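Both complexes below contain chain A, partnered by chain B and then by chain C.
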Partner chain A sequence: MDAILATGIQALTGIASLLLVSLGLAIVFGMMRVINLAHGEFLMLGAYSAILAVEAGVNLWVAMLVVAPVCVGLLGAVVERLVIRRLYGRMVDTMLATWGLSLALIGAVTMAFGNSVAGFSAPLGSVQIGAYSTSGYGLFLIGATVVLLLAVWMVLRFTPVGLIARGTMQNAGMAAALGVPTERVYALSFAAGAAVSGLAGALMAPFSGVVPTMGTAYIAKCFITVITGGAAMLAGTATAAGLLGSVNTIGTFAFTPVLGEVLMLGVAIVLLRLLPQGITGRFFRRAL
Partner chain B sequence: MERRRAAFQSGLAVFAAAVAAWWLPQVLELFSIINATVYTAMAVLALSLALVWGFGGILCFGQAAFFGLGGYAYAVGALNVGDTTWAIPIALLVPTLAAAALGYVMFYGRISDVYMGVITLTVTLILFNFINSTAGEEWRIGAAPLGGFNGIPATPPLNVPGDPGTPLTPEQIFVVALACLAGCYVLCKLILRSHFGRVVVAIRENELRASLLGYDVRLYKLGIFTIGGAMAGLAGMLFANCVFVSPTMFSLAYSGQIIIWVMIGGVGTLFGPVVGAMLLQALTAWAGTLPDINPNLILGLVLVVAVLAIPRGLQPTLAGLLRRREAP
Partner chain C sequence: MLDVGGLVSGYGRIGVLHGADLTVGEGSCVGILGHNGMGKTTLLRTIMGLLPARAGRITLDGTEIQRLPTHARARLGLGYVPQGRLIFPALSVLDNLRFAILAKGTAEAAILEEILDGFPELKRLLERPGGALSGGEQQLLSLARALCGRPRLLLLDEPTEGIQPSIVEAMVERIHGLRRRGLSVLLVEQNLDFIQALSDRILLIQRGRITREMPPAALADPALVQEFVGTHA
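Let's look at the complex of A and B:
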């Protein structure tokens, strides 16, 4: 019983972290149909801003939960203004420009902080479950992911801003005709997506070492999760993360971490062959 | 007119390659010759994506996968067979089959553009992760250890056909590489002039119309994608001859660079991407020598600025400028 519980928590942590790192990308892709290849670097910058804040004497929780999203959100706003705005509707060009941005950010951070691993250890110690112990931070991560997901859902579902956002997402032309400033909605969505990515990066920092290239380790996983999820950004990303995260955890337990990842990507490709529009292209169509 | 121009350009390319093959080995040192071979291999790689993306309209984020497969197939084949001449068909066959299999899944699954980019990217990453994890004695194919992160440092160079004892000198390998580049260029021109090539371009222009006219869009896309994969494999084989094969051949950085070359050179042209590959390689090499500046920063900024400022790429932009000057 304890063993099952401990393994279950392990799997849930895997799913939660996958969902966490993908959510920012899902917001940007779902709202704007922009594929942001610099997403991994937004995660990386979130982690770095948290570390810098901690080193400057800021409380760890404030650094992770406030400083990181604010910093990366501001950066996202600048990037939207300078680059993304000029390329709306040109999907491939946006992909290429954000790829360039990703390379440039990796280069800039390497120059500023060197190619060494930084990081802080996970707070909260460990929790005993019968004969097993699991990290308290893992449990916190699961909780934080659920709260974040609920928060985004509630903003979209129940607030006036969310109504405008959903309207723009469904039919931008009609929204504009009704007087919605769609440009500003897009700018805000991109900044919000970047902020969520920054938060995710900071929260993941204790798990993975923080290096300038840490984004590249996540980018493929995030993409495949969002794309497998399909059109409905929250329901899709959550179901895809649940499915792929479990596959990854099972593969990691049964074989090696590398094979776990290979297995996960393989399952995603097979899934896309069967459901070319993603999971929510067929199931949960009306979900958000 | 069109036909004569294509023939003229092909002739010019062969001539330029011949001049380079005769002249450069006389003036360059050994190190520069090897570098020039790497540049040539990269130009072949750029050409492969120029064909698939520029004319087939298929944005493949995983051209590096076929590049790496070609290199690894060559190295493994050469170490097992001994006579490296026989490793060449292996190096072409493996990426061709891989491209055909991947293309079958994507095109016959009718997966849309964006998803295709993500799938090709993912396959490349799977290969990268997999090859990286093959350290240790149990990972070997015949006589060739895969070597995990370190790759196969003992990749043998090409030898005189039929005589495994006499490897080609770096100068000779350079000539082989140039011949491959010129050959691929002419091949691309020939393909684009053929019925097959015209249908491929028609599909790029309007997929629905092409299929309504009775062409099997999936088959034509699969065809051009497979040819591109084979060409990338050839580039990998050439690269393995002057450096050695390692998992970085599958890396995201390589996949990205290839797209940057074609983008800078001009999507929908053949000569532009070749020049783009050489220019960007030179830029990367130069940026690597700068103190305190990370080459990634420069490469990334160049890409962002290029997308914003010259979205059509160098060749069409320059050609447009020239034309405007001619016609008052």
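Let's look at the complex of A and C:
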């Protein structure tokens, strides 16, 4: 019983991490159809801004939950203004430009902080479940992911800003013809996606260790999750993260972590062969 | 109210409008008649700013708008009912209307009530997703949605396309009611009865130019229509 519970928590932590790191990318892709190849570096910068804030004496929780999303959100606003806005509707050019941005950010952070692993240890200690112990921070991560997902869903579903965002997502030209400044909606979406990525990067930092190249470890997983999820950015990313995260955890337990990842990629490939529009191309079509 | 001069526009390298000229007077309804591919939809999309004007001038109440972004033109008083209706499919009927009200930043409750009084058939559909409505219901919703922004000039793109006759009649009646309250209308159509029922003036568009004006009464006479349009209605 305890073993099942402990494994379950492990699986949930895996799912939550996957969902957390993918959500920012999902928002940007879902709202704007922009593929942001610098997404991994947004995560990395979130982690670095949290570390720098902690070193400057800021409380750890404030650093992770406030400083990181604010810093990366601001960076996102600048990047949107300087790069993304000039390339709307040109998917390949946007990918190339954000890839360049990704390399530049890795280079800049390596120059500034060196190529060594920084980080902070997970707060909250460990929690005992019978004979097993699990990290309290893992439980916090699960809770934080649920809260974040709910918050984004509620903003989209119940606020005026959310209504404007949903309509613009469905037909930007018609939204503009009704009087919506779509450029501003896109700028805000990109900044919001970046802020969520920054938050995710900071929250993952205690688990993963922080290096300038840490983004590259995430980017592939994030893309697979978002693409597997399909059109509905929240429901899609959540179901895809649930499925792929479970496969990864089961594979890791049954075989090795490497095989867990291989299995996860295998399932994603098979799934996209069967459902080329992603999970929400067939199921939960009207979901967000 | 609206003054279009020498308007040139198109898609990519393919020119569609080659210098279109027209005016819509304050409170009047101008109908534009033309075959498919003559530039009717392109004309409205260019006026709305959804396609860039390559040359020419669009003036709304004395303000040149051809360089303004689409949303700014909407805020100056243009309302747009596009071909194919373009309802937001995953938003409920109510949210489609609320979207249009919020888009202009006006007070929500009062306008919504007024619009629903004008479109009572939408009241029982409010919770339905826009994509689940019939073509006729969507057309009414598209018109109601455009009116949520309180436009002064309404651009209507083939509103009768694929719509059952009862709804076409309802549309005629609704638009007459709006005109009595001072709304100006620019309409492009292929349905002769509809265009005749509404328009004060009828213009003919051929190969991207407004070629001539015909009296509305001429539409009643098939022989005259054939002479003007070059086809049977």
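As a working rule, the second predicted complex is superposed on the first by the 288 of 288 C-alpha atoms of A that agree within 3 Å, B and C clash if a C-alpha of one lies under 4 Å from a C-alpha of the other, contacts with A are read in each partner's own complex, and residues count from 1 in each chain.
We take it that a residue touches a chain if its C-beta (ideal position, glycine included) is under 8 Å from a C-beta of that chain, and two chains touch if they have at least 3 such contacts.
Please read all numbers here as calculations on a predicted model, not as lab measurements.
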Determine, under the contact definition given at the top, whether A:Met174 touches first (chain B), second (chain C), both, or neither. second
Give one of first, second, both or neither to describe whether A:Gly107 is in contact with chain B, with chain C, with both, or with none. first
Report for A:Ala254: first if it touches chain B alone, second if chain C alone, otherwise both or neither. neither
Does chain B (first) or chain C (second) touch A:Met154, or do both, or does neither? neither
A:Ile227 contacts which: chain B (first), chain C (second), both, neither? first
Please indicate which partner A:Thr182 is in contact with in the superposed arrangement: first for chain B, second for chain C, both, or neither. second
Between chain B and chain C, the one with more contact residues on chain A is chain B
On the A-aligned overlay, A:Ala3 touches which partner chain: chain B = first, chain C = second, or both, or neither? neither
On chain A, what residues does chain B touch that chain C touches as well? none
Quick check on the complex: what are the chain B residues that touch chain A? 59, 105, 109-115, 117-119, 121-123, 125-126, 129-130, 132-133, 252, 256, 259-260, 263, 292-304, 306-308, 311
Contact residues on chain C for chain A in the complex? 48-50, 69-71, 74-75, 78, 80, 82, 86, 88-91, 95-96, 98-100, 102-105, 129, 145-146, 148-149
Please give the residue numbers of chain A that touch chain B in the complex, ascending. 35, 83, 86-87, 90-93, 95-97, 99-108, 110-111, 216, 219-220, 223-224, 227, 256, 258-259, 261-262, 265-266, 268-269, 272-273, 276
Touching residues on chain A, where the partner in the complex is chain C: 160, 163-164, 166-167, 170-171, 173-183, 286
